[in-house]
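Heads up, the next two complexes both have chain A, just with different partners, chain B and then chain C.
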Partner chain A sequence: MRRKKGIAARYDRYGYFFIAPFALIFLMLQLFPILYTLFLGFTDYKGLSTNFSMVGLENFYSVVNDVSIPGFAEDDAWAVVDQLYDELRIDADAEEGDEGFTLLIFNVKKRNLAAVETLLADYDIDAETIKAGLNPIKGGLLYDTFFWKAFRNNWIIWSMNFVPQIVIALLIAVLFTDLRLKLKAGSLLKPLFYLPNVLNTASVAVLFATLFYWPVGPINQFLSQSHLLSESINFYRSAGWTRGIVAFIQFWMWYGSTMIIFIAGISGISPSLYEAAYVDGANFKQMFFRITLPLLKPVALYIMVTSMIGGMQMFDIPYLLTNRRGDPDGSIMTTPVYIYIQAFTNANNYSYASAVSFGLFLLTLLLSIFVFALLRDTSEIKTVKPRGKML
Partner chain B sequence: MNTTKSRAIKTNVQRLIAYLFFFFMATLSIVPIWIMLVNASRSTEQIQQGISFLPSVYLLENWKILTGRGFQISQGFLNSAIIALSSTLLTVYFSAMTAYGFHVYDFRGKKPLFALILGMIMIPPQLGLIGFYRLMGQLHLLDSFIPLILPAIAAPSTVFFIRQYLRATFQKELVESARIDGSSEFGTFNRIIIPIISPSLATMGIFAFVGSWNNFITPYILISDKKKYTLTMLVQLLRTDIYKTEFGGIYLGIAVCIVPILIFFAFMSRYIIAGVALGGLKE
Partner chain C sequence: MKKMIAVVLAALCAASVFAAPRKLVVWSFTDEMGKMIEYYKKANPEVQIEFVLVPNDVYQSKLKPVLQSGQGTPDVFTLEAAYVKGYVESGFMADLKSLSKSAANTMQYTKDVVTDEKGVLRALSWQGTPGAYFYRRSIAKKYLGTDDPVKIQAMLNTPEKFVELGKTLKAKSNGQAVLISSLGDLFQVYKSGRKDGWVKGKRFIVDPLMVKLLEQAKSFRDLGIDGRQQQWAEGWFAGMKGQLKDESGKPVEVFGYLLPTWGLHYVLKPNAPDTSGDWAMVQGPIPYFWGGTWVAAYDKSPNKAEALKFVEFMGTNEKFLEEWAKDTGDLVSNTKVVDKIKGSYSEAFLGGQNHYAAFAEMAKSINAKILTGYDQDVETIFQEQMENYITGKKSLEAAIADFKAAVKNQYPDLTVR
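The block that comes next holds the complex of A and B.
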């Protein structure tokens, strides 16, 4: 940096004082917790215990082995079982078979294998025999079917809401900004479209749980009073309906916001373009596809990325709408709900929940980059301003 | 002549269709909220008999059902108000201060620091939740309002917006003449700059308030003492066995939580919508 002379340079050190409170809180209460969470993802921190140790990548990817070794005498087998637990904290069992007892050892991690071998050497079992009895089981985030199912749920619900959301928001925005139609009442209607966005998600979840209540919630009452259905629908017993309701709530809360951003984007397009097209006899359709849509691309990209990040963080509504476990059939157990269940119920598996948090973050990041690369055209593209806290 | 006339008719028809569509969407926005408000004043029996769009007279009884089962509304309201108001003040004041620091002074490390802040905007706040929870546990700050208020000091997106506003409105001469008049740097900021940028502070304050008022997961994880429950935490109690099918009480409980924000929105919607539009504009 070029040095400035005189008064200005002397004042510049004040810059540090002005940003100091922000920097302090930012580092302590935002950046540090994130790094700390990442760190916990590499530990075995669980339950009420306060101490934990590093386990490397185990929460993300691990291979544990079940080992079965036949041909033990009964006393020997039970002695080994006790010894394994006392010395190595490894669970084991013994089972009577054709040729004496079979020793079953569970969840042996790779780093413990050597210790098991040493222990079994006292009983004349060599490494080869152990190797023959190994039955590897893959574990960790990468092989966690619940995690992938939860991540898939995020995607399904987000897509179900995003497609209609962007179509309807764009339609409203185009109608509002159309020079020929000159529609009025925008100052009354825009706030109404936006209204659901300011309601708190917890209340909205409770509200929709009650509206779709079976058998006598207002939706079911409406369906039977208007003779659309003879029998009421138990919405929250069906995976499809439940997902649909979550997606609808997301749509309901966000289409107004998306519409306003689209209107701002369209208003930023020079009116002379439309006037010229109008003079040249272009119709509504041509103007939309040749002018509006291509020039809205950066705005659409911004909406898509922020909405996607929001969709991957979906918690309040899927958590509170049904039984707080994302049922029926885990159909609305989104990844954040899964994280919550892991960390703050029964087992308090904080380390694994931390790993899931980071897995979700990495996947979201990759997808955002992918979307950017996909939609970014060769012409210049301006930086997209994030929607920030409004997610 | 004939073509212009038919064209005008066509435009009018399109206009009508557009308004019908708008009417439908506006209805969709309002009906769930309206049903909730109406049902808050109807007895559970009436609610189970059918839909009505007109209020009834059981508001007081629903209130008794609601408050009779541990739904401490005034306490919850007070807690939410304390947290939301203090968060808003902290966010607005310190974000303005930070934005001003970045905009007016040239100091070493300014650019990478600002880039870091920009990067943080895209990172979802939930990412560090477990680390935050454990940190607060170690600092003995569980069941305290401090972790719900203090982080408001560092709001990256607000800093970014206010700096954009400063770029458009700030004049260096103002600060220089204040210096010559003997005003301290913080004095200049408090007395001269804050009034100038107050429109942007109002916009950002509205979003900070709504965000804090509506926050669910952070208090849900950190607070376990019922006296410290916020309104959003109380409202989740309505989904538990305590209320089962006491629909009148449930609807009233939701209404109590939502009505303050509805009133707030009625007065602030113009600014909120302007703020949302700003967010989507290209730099």
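The block that comes next holds the complex of A and C.
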């Protein structure tokens, strides 16, 4: 490509100035926090103190040991228990057994094992005995049942929401863009379908929480008084119902948006294709499956990936609908809700929450790559590149 | 000329910044403090106070980051019994050595809770919070033949008798009357009777009384003597007004509520004004205490002197406490004031009953050593598993196991066996 000279070269530089504000703000307010969160995932930052140290991969995979050492005299055992707490802040207990007292030491992290060995050496306990009494417990993100359950919840709720959303949005989009139907109500109905997306999610959560309240919410009253049921259904005590309600809310709030994108996608298909097909005698079903759907593939890919990312990040409805802990029994505790609970409630495990965030990011990235690889438009790669210089 | 005007204006602005009274920022989790601030303003009209209300369920989420970062901190903040102990050792609460003389007559247990390991007093409370059972006189007369507090207390002074009374009410009213509105009411009662709090050192402890609570709650639900409402929800309040209906539209009469001292002026009076005079109070099946609010000054506040004055007023000013007690019926923490007014107190809402003397007696046996900073969070997890067990979704062992697993997940440093 020839170097541009003169006025063109000077104007080129202005482009950088125009994007500089965004780049600066992105770096400060988005990129730096993302990188810092990643950094925190490798520390032990938690609680009210502001001091923390690096702990490597402990938040992701750790082995914590319970140690059990038999054969202590009673006084010695209790002395060790006190010493362990006073000096190392490690919890221990002494249990009476058949042959003297057994010393039980709890939650010994790998990096504290050496200090424990030194302390016990004063009581003639050698490293071999300690090693024999180790009971390792695997922990960290990889073994966190709550994290994997939360991730599973993300998938369950998202798929319950996504499938009807795609189907109905596509159906409505096709009906609105059909050249022969020429629906006039489009200009009224399209904003109406989009309206739920504009609603404040907190208000929606309160609305649905009140609607399905047990025992005397409106839905339960209706069911009882119209004699459809003899007893109220405790909707928010049932995992199935609660997940269904969350999925419905997500569907209801987003099908309008999906519909708009599909309408845009279908409008981009040249009508001459449909006219040619009509002339050739194709019916509606054939036109839909052979023309519309294949040409909508890029749009569908976009919808699928963005919806999936949104599904993995689902927070406001699951958080606000029940008791802000994803109950009943953690059935709507999605991963972001889990991150929030770890970071901003209870013990404020900021470092662990950062590790979970990073884990979620990796998983979402892998899934997006997978979906892209599966659905990308391979037709472009196969076409023959035209010969000759590019101008 | 213009320059001179500019300089003069700038000087005036700078001067006004220094001369203007600094605003005292007070954070609390209910509007109760807002009402108390009115009394402070009457006594100290020159002080400007900004009151910030952060709802209790997100109070800690908002307060902790602010205290940690030092940005946007309040000068005075209140803490509830369910989490006050988590802050006593944190260094964020100013030490109140200078107020120990004025606090000489404050109830000992309210001072013990907020004294740190080195013996320094860190906060003050204006109230003692023994718990009671408030019942409707009209329902008592209708189904039990009497509304006399002494006779009613005799009918329910043990947990077993309490259940029997529930069965009697249900039978006599053909299922229309229930003993309590929500099983959450039982929770506080059993909680304060424990021997051990939730955490000792680094050990997580499930006191056997909590297991007994699970079993009792389930039996209440199975017998149908509770109103099946959630505490602090619309149905809970509706029962106080006498307007509770079940899902088929039949009215449900709630006989009573297990509430503490502040329950009278903070819950019953504002939410059931039309039933004034129809209530009475008895101690209930088990002596208990519920809640309590402590006021602390922020240690690094630029307004520390004013903040300490505020804390002193709220916790120890006898004139204010006497006025507050007479206006609201709240049991204040100053023993001198309590002794002064308990003889002649007559509460119109309770049909003229002198509940104050009764509460003053009950306050003497409160054991607040079982409070820990983990209470609010652990109990939220506990109540979820309690719901699962009561509604029959889990067995008792599974509910307790899941409870322990969730606590271990939230607090990985605790030993949970």
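Convention: the second predicted complex is superposed on the first by the 338 of 391 C-alpha atoms of A that agree within 3 Å, B and C clash if a C-alpha of one lies under 4 Å from a C-alpha of the other, contacts with A are read in each partner's own complex, and residues count from 1 in each chain.
Basically, a contact is a pair of C-beta atoms (placed from the backbone, for glycine too) under 8 Å apart; a residue touches a chain by one contact, two chains touch by 3 or more.
The model shown is predicted, which means the values in this text are computed figures rather than measured ones.
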item: Touching partner for A:Gln313 - first (chain B), second (chain C), both, neither; value: first
item: Contacts of A:Asp327 with chain B and chain C, given as first, second, both or neither; value: second
item: Touched partner set for A:Asn349, first chain B, second chain C, both or neither; value: second
item: Contacts of A:Arg13 with chain B and chain C, given as first, second, both or neither; value: first
item: Greater residue coverage of chain A in the superposed arrangement, chain B or chain C; value: B
item: First (chain B), second (chain C), both or neither touched by A:Val216; value: both
item: Partner chain in contact with A:Asn107 - chain B first, chain C second, else both or neither; value: second
item: Partner chain(s) touched by A:Thr201 [first = chain B, second = chain C, both, neither]; value: first
item: Partner chain in contact with A:Ile341 - chain B first, chain C second, else both or neither; value: second
item: Which superposed partner A:Ile125 touches (first chain B, second chain C, both, neither); value: neither
item: Chain A positions touched by chain B in one structure and by chain C in the second; value: 213, 216, 221, 225, 344
item: Touch list for chain B against partner chain A, complex; value: 11, 14-15, 18-19, 21-22, 25-26, 28-30, 32-33, 35-36, 39, 47-48, 50-51, 94-95, 97-98, 100-102, 104-108, 110, 113, 117, 120-135, 147, 150-151, 153-160, 179, 185-186, 189, 207-208, 210-211, 213-214, 216-217, 221, 231-233, 235-236, 238-239, 247, 250-251, 253-254, 257-258, 261, 264-265, 269-270, 272-273, 276-283
item: Chain A residues touching chain C - in the complex, by the definition given at the top; value: 48, 50, 85, 89-91, 93, 106-107, 139, 144-146, 213-216, 220-221, 223-225, 231-232, 234, 237, 323-325, 327-330, 341-342, 344-349, 352
item: Chain C - residues contacting chain A, complex; value: 57, 60-61, 64-65, 67-68, 90, 92, 201-203, 228, 233-235, 245-249, 377, 380-381, 384-385, 387-388, 391, 393-394, 402, 405-406, 409-415, 417
item: Touching residues (chain side chain A, partner chain B) in the complex; value: 1, 4, 7-8, 11-19, 21-23, 25-26, 29-40, 45, 168, 171-172, 175, 180-181, 183, 185, 187, 189-196, 198-203, 205-211, 213, 216, 218, 221-222, 225, 252, 255-257, 260-265, 268, 298-299, 302-303, 309, 312-313, 315-316, 320, 336, 339-340, 343-344, 350, 353-354, 357-358, 361, 364, 368, 382-391
